[in-house]
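Next up: some structures, all given as structure tokens.
Next come two complexes, and both contain chain A; in the first it sits with chain B, in the second with chain C.
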Partner chain A sequence: MSRLIDPWGRPRWLKLTTWFYIAWSLLPVLAAIVFSFNDGRSRSVWQGFSTRWWWGDPNLSVFHDPIYTNALVHSLELAALDMLIATPLGFLLAIGLSRWRGRGSGSANFLMLVPLTTPELAMAVSLLLVFTQLTIIPFTWIALGTTAQVIGQVTFSVSYVVVIVRSRLASLGPEYEEAARDLGASARQSLQHVLLPLLLPAAFASTLIVFALSIDDFVVTQYMSAGGETVTIPMLLYANARGAATTPALNAVATIMVLVTLIGVGGAYLVLRWFGHRSGDKDAAGQMGMDLTGME
Partner chain B sequence: MRNEGSIWRSLSIPGVVWLFLFVVVPAYAVVAVAMGQIDSLLQPVPQWNPIDWNVGFVKEAFTSVVPGGTYWPATRNTIVFVAVTVFLCFAIGYPVAYYVARKAGRWKGLLLLLIFLPFWVSYLMRMLAWIGLLAPDGYVNVVLGWIGFGHTEWLSGNPYSVIAALTYGYIPYFILPVYAGLDRIDQRLLEASRDLGASPIRSFFRVTLPLSWPSILAGSVLIVLPMFGDYYTNDLISGSPHTNMLGNSVNLLVQGGSQKNLGAAMVLVLMTILAIGMLYYLWETKRQQEKLAS
Partner chain C sequence: MELTGGEVELEALEKRFDDVVAVDSIDLDIASGEFFSLLGPSGCGKTTTLRLIAGFERPTSGDVRLDGASLAAVPPDRRPVNTVFQNYALFPHLNVLDNVAFGMRYQKVPRKERVRRAKEALELVELGDYAKRRPHQLSGGQQQRVALARALVLRPAVLLLDEPLGALDAKIRRALRVELKALQEEVGTTFIFVTHDQEEALSMSDRIAVMHEGRVDQVGTPREIYEGPATLFVADFLGVANVMEVEVIGRDGRGCRLRVGTRELWSECGDLGRTGAASAVVRPERLHVTPGAEDGENCLPGMIDRTIFVGSNLQVMIRLANGGLLQASVANDGVDLDAHEQGTPVSVHVPPDALRVLAPSGVTAGT
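Up next, the complex of A and B:
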């Protein structure tokens, strides 16, 4: 039957294209990871295997050179703060927006989408100008540096949390809540005893996504930064990727960033899958992937 | 009842206040700086009161992006690079999305995982990977040398490298919505078209392709938006002003220092261009939905 409705017959060239695409999208990254183990200083010519850029070299390796360790620590610090602020903010906003019908709800929905539909550069420029030019409270309290970086990251992370939590809300449907209401629960009770427990896995998953978004963010983090103390790993990559003096330690730090991100996303996936199994929702793998990329 | 509705609003309030402070007010700050003055130390003096707005910088920005203006090369590069990248994303991405959605069979789970993976490798890491490969002594030149190609400088102002890097960077964001769109198409529609005597090729062009058109548009919007603010791809892969895009111009004006007013005005130009594009997108999606409904 599928032969009958498929215009391309045996999809040999489609299969070839797909595997070629996958190789093309992943092998260069793999090569960059392999080069972090290069024995020489080059990041483009293989000179044998060593771990000198990871921990071997007492001054220049990732775990010894303060440029790299500081960036690692600062990246993790920003990610932790972003998670702590963006997740509750976005979680409440998602629940609120999904039920709130009335004056203001339309503009609130629109506002939530703005960070997802403007180039990050426009957001970064606007935040930079407001923090450096506007001389009224609360903006005078905010200096460039860690505070501004966290605010910038939270501002775009919130939208992702809202998207993830709302898509879970939509897949739950109104039945649970209606049942609770029919049994005499107030809106507050049904929220507290029915919706919140059901949404907890989505909240946890979005926390991990925020972590990954924060670790990978470059534009806003760079615009909000203030000197050496506030450099993150992506900022190091941008500043040094083309430097002639840069060693494979840069590849090593990039590898760490990739691993940390994948651990976060993998954790989010496992949480959602565990949740899906419990609720008997087996065909949700694709949807979960969508959720994890923050796309609707 | 009145009391119950207000729960939902009060849950939204912290998030809405946050977005107001850090999305709406900053957007107004861009306008205030673009419409402001510049002091003797070349620092911007924002004008918060619309009555006293100075349109000089905005005029300058809008006239600089048309043919003959200072930033016309950047505008031209942006248009050409973005158009070619979207085309390449479609040419490569559509077959991939089609295969994974329709033909992958038991491999579907694994393939999905593999096409999701690049999402979670930082964009800059993926650029770093190509910097290593495209280096003068890198593997790209080595392999091209085997088949008789001469030595090529890929990383100094080469527009082809920039387009390739943009395609590499943004294609996952295109494939995903297209995959989702293709996956949603009801197989019975295709069976119906075959039953009614359409050839397989004809069914593809008359059923599958039109039904996936909205997701192709969505994927294109998703990659066009960030490309208009992209300066890092160019800085990393080319590093030469010849391949500058609008994002580079904005970044240089704002972060470079002394021309923040013009930089803010350029952001307004950028947003105007994108707003026109978005309006077309919304109009086109609405038209598609009406067509499907009738």
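Up next, the complex of A and C:
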């Protein structure tokens, strides 16, 4: 009897594999975070706890060394601009696409998703060519640097907004708008008084996702950059990860990245869950989870 | 809520979606203050007809008139017509009171007046204590009543109801049927009620239009369409109908003489105006089943094939001598079950006034 497999037993191997994977994926990140608190210059040998690389050192800590502070500020700048442009733009596109029936709407719907699947490197290289080689009017105005970086980030992040908003629109259906029209609201009023309030959770979620995308982005931002003024944190990490002169301050920067992204995505999830709870739509947060897994 | 008007006319109304004809040239006159039902199976065009009246769809051709005026160029928000949606479509971001008050802001009703009227409407549907709740905190039946209040508070000339009881369970549905009819009588508004549930339509309506494949097969009072179905489809869709393939062999002042197999029957209702192949329908509750091989006028011999006990009555399936099957309903007034055992020879009396002659299946009435 003891040699037989118990059909009611817990799936021990499944559990073990899962935990192994979690450890495998998280331990390196944890190690990097831990070493940002190292007392010495080493990023591999533990020499005691200190916060010198965070703020203690007056010249070399993250919050004092201008290389780090500039990158931090520029990253946040880009993220803010991306959020301000991509979210409303994505909203309009999503609402427009959901109403567009007939010729061309199918292709447009499909083409909207292409940026999600295009290799980022391909997109970055094409954008670079367009901005530097094309001598036609709108493109000659765009110089590499902050402007090009923002345009590049908006170009790919807008698709994510469209996906989030459209899935929310699809789950809402046309009923609420029809009910509003039926009760006397004009097309504009039904958008303003019914549809937009109902899309509010999607707005928050999109904004936070765009933020996380922008803060995280390396390829497009790197290609669109122009000199030291336009270096972001991911660019800094890439450039210095292998340098012998690099201090644990870099680990501190990486830690900030992890935290900020986590806050973005986690915040989006919590906001959706809260809204969902308030309106009895228990699916809203799960829906976002689906959207995100669909994207990555 | 004193109301006049609310008379709806549909004139050769037609709606096509690409190649599909959803509504096929419908003509209907709905009187002011009437409880009018559009009854039919799913896909028969009843909901599209409702949406054409509400203004959510534009007719391919034809017109909708309200009190004589065409609504063709009037968008849904300007039509004095309100809808109770199948899933209510209560705004989840507003509480019950704000849901009910929603429409009045576009009628430029002052804020205080809006609140007063919304509360009044909630009282009317007995939900006065639920004003501050969110829609999802209410039961299905309560949500349905909020949707009613939200539409009625605008004092529409016509209220459109799209299967409003469809999402509720059977017991609540029966209770709300009575309530809805009482409410309609109280407010006096024209109700146009879409349903696929024949019992619902029969129990509430002043008149019913039975729809089938985009067309109206018959319009009449519940009794008219139940007892005098104009087509086989109507006969079959409302309740249970026994359909027999017959031949009309003669017509005179009394009615039609029909041949069923080797037997002959009188029919006193329905007349195709000709002799030849026809269908004859009779309701199960109108058949009289007597044991033994009695042989009178309008009697058909048969044998009990199966008896199903359903509480208030017995459903008796009778195999006729000519091979056909008839369903009879025998009231359970202490009836002897053994007398309805399988294999018992019986005689089925078909009263001539219950046997209706219709165009045979596959042929449209009037052709």
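The definition used in the following text is that the second predicted complex is superposed on the first by the 271 of 296 C-alpha atoms of A that agree within 3 Å, B and C clash if a C-alpha of one lies under 4 Å from a C-alpha of the other, contacts with A are read in each partner's own complex, and residues count from 1 in each chain.
The working rule: a contact is a pair of C-beta atoms (placed from the backbone, for glycine too) under 8 Å apart; a residue touches a chain by one contact, two chains touch by 3 or more.
Just so you know, these numbers come straight off a predicted model, no measurement behind them.
Asks: After lining up the shared chain so the two structures overlap, which partner does A:Asn59 touch, if you call chain B first and chain C second: first, second, both or neither?
Replies: neither
Asks: Per the overlay, which chain contacts more chain A residues, chain B or chain C?
Replies: Looking at chain B versus chain C, the one contacting more residues of chain A is B.
Asks: Which partner chains sit in contact with A:Val194 here, chain B, chain C, both or neither? Use first/second/both/neither.
Replies: Only chain C is touched by A:Val194; chain B is not.
Asks: First (chain B), second (chain C), both or neither: which does A:Glu175 touch?
Replies: second
Asks: With both complexes overlaid on chain A, does A:Ser186 touch chain B (first), chain C (second), both or neither?
Replies: A:Ser186 contacts both chain B and chain C.
Asks: So, A:Ser25: does it touch chain B (first), chain C (second), both, or neither?
Replies: In the superposition, A:Ser25 touches chain B alone.
Asks: Please identify the positions on chain A that touch both chain B and chain C, taking each partner from its own complex.
Replies: On chain A, the overlap between the chain B and chain C contacts is residues 186.
Asks: In their shared complex, at which residues does chain A touch chain B?
Replies: Chain A residues touching chain B: 1, 4-9, 11, 13-15, 17-18, 21-22, 24-26, 28-29, 31-32, 35, 42-45, 89-90, 92-93, 95-102, 104-105, 108, 111-112, 114-115, 117-123, 125-130, 133-134, 138-139, 151-152, 154-155, 158, 162, 186-188, 191, 212, 215-216, 218-219, 223, 234, 237-238, 241-242, 250-251, 254, 257-258, 261-262, 265, 285-286, 289-290, 292-293, 295.
Asks: List the residues on chain B that touch chain A in their complex, please.
Replies: Chain B residues touching chain A: 4-5, 7-16, 18-27, 29-30, 32-33, 44, 46, 92-93, 95-96, 98-100, 102-104, 109, 111-133, 135, 137-139, 155, 168, 171-172, 176-177, 180, 183, 187, 190-191, 194, 199-201, 203-204, 222, 225-232, 235-236, 239, 247, 250-251, 254-255, 260, 263-264, 267, 270-271, 274, 278.
Asks: Can you list the residues on chain A that touch chain C in the complex?
Replies: Listed in rising order, the residues of chain A that touch chain C are 175-176, 178-186, 189-190, 193-194, 197-198, 200, 278-281.
Asks: Give the list of chain C residues in touch with chain A in this complex.
Replies: Interface residues on the chain C side: 54-56, 75-78, 81-83, 85, 87, 89, 91-93, 102-103, 106-107, 134-137, 150-151, 154.
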